[in-house]
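Both of the next two complexes hold chain A, though its partner changes from chain B to chain C.
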Partner chain A sequence: MSLAFLIHRLVQLIVVTFVIALTVFAVLRLTPGDPVELMMGRDEAVTQADIDRKRRALGLDRPLHVQFIAFVGGLVTGDLGMSLVQQRPVATLLRDRLPATIELAVAAMIVSFVIGIPVGVVAALKQNSAVDRLIMSLNFVGLSLPSFWQGIMLILLFGVVLGWLPSLGRISFDLVPARITGLYTVDALLTLDGRALQSALAHLVLPALTAGTAYAAIIARVVRSSMLEVMRQDYIRTAWSKGLRPRRIVFGHALRNALIPMITIAGLEAGSLLSGSVVIETVFSWPGLGRMVVQSIQGRDYALVQGAVVLLCVLYVMISLVVDVAYSIVDPRVRW
Partner chain B sequence: MNLRSSMRLFVAATLVVAFAAAGVASAQEKVVRIAMSGPITTFDPANHRSRINENVIRNVFDSLVTVTPAGDTVLEMAESVEQIDDTTWEFRIRDGIRFHNGDPLTAADVAFSFNRVVVEGAMDGQTSPRKALMGSLERVEEVDPSTVRFHLAAPESELRVLTSAVFMQVMPKDYFERVGIEEFVRNPVGAGPFRVVEADFQERIVLERFDDYWGGAPDLAGEPGPARLDRVVFLVVPDASARVAALRAGDIDIIQDVLADQIPVIESDTNVVLKQQQGTNPVFLAFTVTQPPFDDPRVRRAIAHAIDYDLLVDALFGGRADALYGLPYTWNSEVKHDGLEPLDYDPIAAMAMLRAAGSSNLAFTIDTISTWRLVAEAVAQMLQDVGVDAQVRIWDQAALTPAVQAGERQAMVFTWGNASGNPAWPQFPNASGTGYTHWDDAEFRELMQRAPGIVDRGEREAVFRRAYEIHHEQLPLITLLVPRAVEATSARVSGFEVHPGGRVNMHRVDIQPR
Partner chain C sequence: MIETVPGAGAQDVTSAHGRRRSSLRHLLGYPTAVFGLTVVLAFVLIAAFAPLIAPFDPNQGSLLRRLRPPVPLERSLPAHLLGTDQLGRDVMSQMAFGARVSLTVGIGVVALSGLVGGLLGLVAGYFRGRTDTALSRLADWTLAFPYLILAILLMGVLGPGILNLVIVLSIAGWPHFFRLLRAEVLVEREKAYVEAAHALGAARWTVMFKHIARNVAHTFFVLATVRLGLAVLSEAGLSYLGFGVPPNVPAWGSMIAGGQNYVETAWWLSAAPGLAILLLVLSVNLLGEGLRDAFDPRMRL
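This part shows the complex of A and B:
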């Protein structure tokens, strides 16, 4: 990987972040609804002078270009400002929420890969059989199920009827482990807190299953078609003619190459999951970024929305970089 | 052993240790978990107007006066109240009340807390959003360590004065002044039955029993004394279906705002108990009366007769709401008026009235927020049945409210709470101009401004009744119904009562072990 490539991506990151910052800044201010009036309510006790005073205190009385320059200046120094509604630094709020989102995203990705890859391989190896048709039908169901419905059904089955798994939150309130990374499963492991680990894992199962299912369906489809293509290649035919064991052909030769497109899928999935799934976070009361962003949009919390969108933008660009690098590692023909 | 094998062994060993430890049960604590539909925003009792905040804050801070689940106003930390003259009321504070930090609660704390609300700009230059709830209370004076005087700008009824005292809780003056507002919100100190031990506003609030609690209002049901529960946990559960599922799964013990379509499921589950109480949030259809054709009271009245109030209650709320038939008062109003005729559903008359008003081809849009979508759509359908082309538009509240206040919408379905039963309900526009209708009737305005200050009860009520009559004739807004407060608890929970104003009072709640 060349230095020029890295510099190119860094410049790209800066440009994209600036454009996104300008867009979100402008869109927020063009949207009807005034944060100060929302904050203070509208009744006889609140005078225009109170509203003006609050607006001044929050810096919202300044001309828009001054506010934008202050916002961008803050970005450069890592200061995302204060949340207008919660009156806490935006960076702190994002830092508090990001681990929940990462934990769920990673768990959902594991679920989607663990289900999607084997299912896709089996469907490819049994192409056009009853098994293949059954898998592809279930796959269609998995893609079509609305996640809020699936989530509620899983809660009803595993939470209400069977009573096996908790239905909401990240962890039992009295078991929160000491914060090291903010990822409860990791922190529980690092502090060897078994009850916290058990609780965190149990709380993770249903949301991860809900978030992961749709991606599992996509992955299964991609793996199936990719496997079918690879299995027709000359080198696989050669492997068969050499008399290699089927297991070795499938897993040692075919699957490795068939999984290359998975890098793109994984990148897209990671980007989407990290931006927070509002529906899943709402159904499972999962305190992640997505719900916080929606709440802050409803409350016209300019600073928090801007900070969150910029963070997500940076995460997307970073994931895209990781995908490019991963390609160059697994496929020697790709050079940057 | 290679690196990969070592890693596998480490993870396996860690998991074994972890799950073995998980089997050790903690001591059985009495904990009740309550689902909140959204996050709280503050612990400052003076700086909010939200019932979600109120639910948490009222378990941490106590007031001089409180309201029972039956709607009666009773003394809490106040021992007695006495009228000194037309505009001065004296409260004596009970002895032996302490804050969570051990400081005794005195008249200085009471005066400080109330003056923070009623004095303009008393909160770091900002005026408390609760000032409007304080009637004409102008200032509170500390007379001696156990006595305060409420000085009013104009005479008010005893009930209004007591109601003002309900709406603010007492904060510790010394602690607040020493630590400042930011630290106070991080580590709040009150004199309520529970103290805050953990607060993540977006996720959960954990409260712990305050063992030196003074005991609570004697007129509330149950035994006074410290709370029965060791801890109370408020959890943010935004989705209504998820709240019901969590209650049934045993992950939550109390839920509020149960929707009508969830009631059959709850009633079929023997592990949970459904509770209800008359509500205090009237839902209404308001018109912008400065815009034709709604500047004509005949059109507004015709629309009122096109609405089947009983059908709204039965079809949308499963009977768990009370129809208002356009009447300008609710069950808990301090002043009622038996002489006013409820507006009955009469579509034939409605069509005739529209024809008479020259509005046979009326077409308009009802704007609302998603919460009231079904009510608005049902009303629109009823209007279509009498030939009115009524459509519904759903908005984000942040966008809708300013447009309504600017008079840019034609009609809206919305709600406005009146837990205190104040006959001067803020949606009745007086000089403040807070109503959504832009209706400005000189006589009504004068009556509404004058009535609260009339000392003689009979005369005061007569003035309010006359104002009601004008409103009922003019109908700038049509009150539709009041949804009941429907809540559900685990069958293990006892002592929990649904409060008409939505207050969650955990002081005398208990829970059976599993």
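This part shows the complex of A and C:
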């Protein structure tokens, strides 16, 4: 991997971020309805002077290009303005919400890999058997499931009928987690708080399972086909003829190479989980970024929408950069 | 714009036509694909004849009959096969009308994004140069946005509505058609038959639309089924979040959202529409898999 490639991708990242910021800004300004009037309500006591004063205080009376330059300048310095509804700095709100989204995304990725990889390997080793056919059929179902519905059905089964798992929020209401990283499970471990850890983990199970299912299906599919391809390679035949044990061949030789495409999948998954957890966070009342985007759009809280959407998009773009770089490190044949 | 050159395309037309027919017959050899096709057609019929199938007005409820379970269960009413919701509206009638929303949006999105993305991909791949660079950059920028976030943002601005759903999901989805068609055309344009058509004096637009387009059509249709399933899921997700259809339009996604509040007592309210989404999307995917195998067994998306 050359330095030129890295620089090229970083420049690209900056350009794309600028385009995203411009698009989000333009889209929000095209929205019918004035945010300040919406915020102050249709109260008789509110005069035009009040509205004008508020607008001036928020900087909304300035020409659009000045507002945009201020917005981009804010992005660079980390000052994203004030939330119109919550009257708190957008940057603080985002910082409070980000760990919840990351924690769910990481848990969902673990779920999808733990399910997807072994299932894919088994399907490949037993190609065209009944087991393989069953796995591939379930696979199709996994890919066709509406995730929010799956979440509600899991709540129905494990929360309502069986009563095994909590279905809403990140932790029990009576527990106040220590705030170090914002990831409740990690914080509970750091403070050796067993009760908090148990509660945080229990709250994670259903959302992570819901978010991880579709990707488990995709991973199983990719692992299966890439295992099938790798098992036909010459070096695998060499390994067999050397008389190595099957387990060694499968895990030591084949799987290692069959897992290379997983980097792309993991990147795609991380990107879509960080940004696409909107629906699942809503199902489980998970206090993450996705839910905040929904609420802020509904509440026409422009500064917050702007900040949250740009943050999610930048995360998404950055992950695809990391994937490209990781790929060229793991597979030296890939060169730019 | 499209010029027809007599004779130049005739050979190709018949052969492409013949291949398509044999592909269709071939498709019927796949039981899963036949199953998929049958279920999709059944949903299309339900959607088309929803007013005849639905026993009740989907928006008209009777509070005396609220929250009744589906038929064989205790307290159920024979008139309401799938039960009633919190306002006493008939679930089956809402489901029938919900099929309209899902299919209209799904097919609308595939048609619009497929047409726009496909045409632009054809043009970019065939002419290359500056047009290609500009269009590819636009596609990259669109794909830099997370799909659902872009859709929510635009729906929040445009407001709920079926037409808006089609437009928004097409804006977010056209680059997929663009990229695939562009890549396919880049390969096709170097082939001998294209050279031959040019040598025979066929106009560039004729070569592009009559010769190349026919040879990349099968790839297009396979992608179209994949995107159809995704469009149905996206519409359901947006309607679930409240960014999809207006409140008075029954859609499967918004039915699930309404039913979630009653999941402890009236599970059928969220279970039934979800099963319908699953069945429709599953059938579309099975059909797509069958199409892929029928057109070209080596093709992988």
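Here is the rule we use: the second predicted complex is superposed on the first by the 329 of 336 C-alpha atoms of A that agree within 3 Å, B and C clash if a C-alpha of one lies under 4 Å from a C-alpha of the other, contacts with A are read in each partner's own complex, and residues count from 1 in each chain.
The rule is simple: a contact is a pair of C-beta atoms (placed from the backbone, for glycine too) under 8 Å apart; a residue touches a chain by one contact, two chains touch by 3 or more.
Model, not experiment: these values are computed from the prediction.
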| item | value |
| --- | --- |
| Clash or fit (per the criteria above) of chain B with chain C on chain A | clash |
| Dominant toucher of chain A (residue count), chain B or chain C | B |
| Touching partner for A:Q67 - first (chain B), second (chain C), both, neither | neither |
| First, second, both or neither for A:G169, with chain B first and chain C second | first |
| Chain B versus chain C as contact partner of A:T191, first or second or both or neither | neither |
| First, second, both or neither for A:S328, with chain B first and chain C second | neither |
| Which of chain B and chain C A:T181 touches, first, second, both or neither | neither |
| First (chain B), second (chain C), both or neither touched by A:L156 | both |
| Which superposed partner A:R53 touches (first chain B, second chain C, both, neither) | first |
| Candidates 39-47, 165-173 or 255-263 of chain C: the single one with C-alpha clashes against chain B | 255-263 |
| Contacts on chain A seen with chain B and repeated with chain C across the two complexes | 31, 148, 152, 155-156, 160, 282-283, 298 |
| Interface residues, chain C side, partner chain A - complex | 140-141, 144-149, 152-154, 156-157, 229, 233, 236-237, 240-243, 253, 256, 259-260, 263-264, 267, 270-271, 273-274, 277-278, 281-282, 284-286, 289 |
| Chain C-touching residues of chain A, taken from the complex the two chains share | 16, 19-20, 23-24, 27-28, 30-31, 140-141, 143-150, 152-153, 155-156, 160, 271-272, 275-276, 278-279, 282-283, 293-294, 297-298, 305, 309, 312-313, 316-317 |
| Parts of chain A lying in touch with chain B, wherever the complex brings them together | 31-34, 37-38, 40-47, 50, 53-54, 57, 85-87, 96-97, 148, 151-152, 155-156, 159-160, 163, 166-170, 173-174, 188-189, 192-195, 197-199, 282-285, 287, 291-292, 295, 298-300 |
| In the complex, chain B residues that touch chain A | 14-15, 17-22, 24, 26, 31, 33, 38-39, 41, 49, 121, 125-132, 182, 198, 200-204, 206, 233, 235-239, 241-242, 245-246, 248-252, 396-399, 401-403, 405, 426, 431-434 |
